[in-house]
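For reference, the structures are reproduced in the following blocks.
Shared between the two complexes below is chain A, which has chain B as its partner in the first and chain C in the second.
Now for the complex of A and B:
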């Protein structure tokens, strides 16, 4: 079994109203050092088999085809 | 002219769309479930609004990967007309059939109100019964209608006249770049828009400003 974590984040320059709202809420809670918040998504994926190179290629394809919208999002894959 | 309405689990505006198409064309559209891998022959294919798959992952993302969309892509390539309203617009962008993406509203709230739309391009198959610069009233009801595209894409679609509808000055409900409310693809046969023209087609709706859109498409087809 291969365990992977895919992280999807908004590209630089894409406005993130949800991140901004969270940033405001953190400031309101007194976390005065918060300079910026960007919200993203994490996917933990378990895959059958043990071929890591194959899994890496499959995971990249999953990101391109579904998990990220590459118009606005970047993705990173970590294989555990 | 024949129309087909594509339905995904979680849509909720298909009845309004079917009623509008029936009323204006005089014929019931066929209704196609998302799992179908073939689409019946039709001149106009419509994806209505709602919340396909609960907006999981991203609005329209999962619907855009369903079998019926592959069939829709083939119909669009044949030059048939395709209209996506609200969630339908989100699905068409997620499917890559229209440029850009619809993000969470800048104000973070669901907006349900009437806006004013300016007809930017009255030369499309969907807008030829309007005049350029005409201002329409039209309802919007969405949480993810904030149109975004990178600077180069935005320049390209503006330059090509692909922006069909803009929110009138001061009525942009969602933060869309350039006040964009509706666009067409480069070929001009696929249109997506966030507002709901199907909800303004008879006097009982409080106005008929949406009617000419369907009349244009039906005539073009």
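Now for the complex of A and C:
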């Protein structure tokens, strides 16, 4: 069993209204030191097998096909 | 400027219908090795100042008050 974590974040320059809303809410709660917040997604994926190279290739394909919108998002894969 | 990443994930045992949907979609796309998917959130936060201990304490408070629902979610803070 291989466990991987895929992190999908918005590319720099892409507007993040959700992050801005969180930034405003933190500020309203008294966290005045917060300069910027950007929100992303994380996927914890368990895969059958033990071939890490194969898993890495499959995870990259999953990101390209489903998990990330590569026009506006970056992804990072960590195999744990 | 301190940059931190907060990762919020569902606790074990909490149902994750979104993760299940992604699991089904990956399976339908031909990724047969996927055994389980759980989705979480990630927040990239920039904070003013350079006091890492203070930032760590503030980030913990942000998680408890806003970023995570600690009844059903766990959080992890990494200061980069």
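FYI, the second predicted complex is superposed on the first by the 80 of 80 C-alpha atoms of A that agree within 3 Å, B and C clash if a C-alpha of one lies under 4 Å from a C-alpha of the other, contacts with A are read in each partner's own complex, and residues count from 1 in each chain.
Please note the rule applied: contacts are C-beta pairs under 8 Å (C-beta built on N, C-alpha and C of every residue); 3 or more make two chains touch, one makes a residue touch a chain.
Keep in mind that what you see is a predicted model, and the values were worked out from it rather than measured.
> Once the shared chain is lined up, is A:31 touching chain B (first), chain C (second), both, or neither of them?
In the superposition, A:31 touches chain C alone.
> I'd like to know which partner A:65 touches here: chain B for first, chain C for second, both or neither.
both
> Please work out whether A:45 is in contact with chain B alone, chain C alone, both, or neither, and reply first, second, both or neither.
In the superposition, A:45 touches chain C alone.
> Can A:53 be said to touch chain B (first), chain C (second), both, or neither?
After superposition on chain A, A:53 lies in contact with neither partner.
> Check the contacts made with chain A and report whether chain B or chain C touches more of its residues.
C
> Which parts of chain A are in contact with chain B and also with chain C?
The answer is residues 65-67 of chain A.
> Given the complex with chain A, which residues does chain B contribute to the contact?
57-58, 61-62, 65, 93-94, 100-101, 103-108, 146, 148-150, 175
> Report the residues of chain A in contact with chain B in the complex, numbered from low to high.
So the residues of chain A touching chain B come out as 14-15, 17-18, 21, 65-67, 69, 71-72.
> Spell out the part of chain C that touches chain A in their complex, as residue ranges.
Counting only chain C, the residues touching chain A are 1, 7, 9, 19, 22, 25-26, 29, 31, 33-49, 55, 58, 61-62, 65-67.
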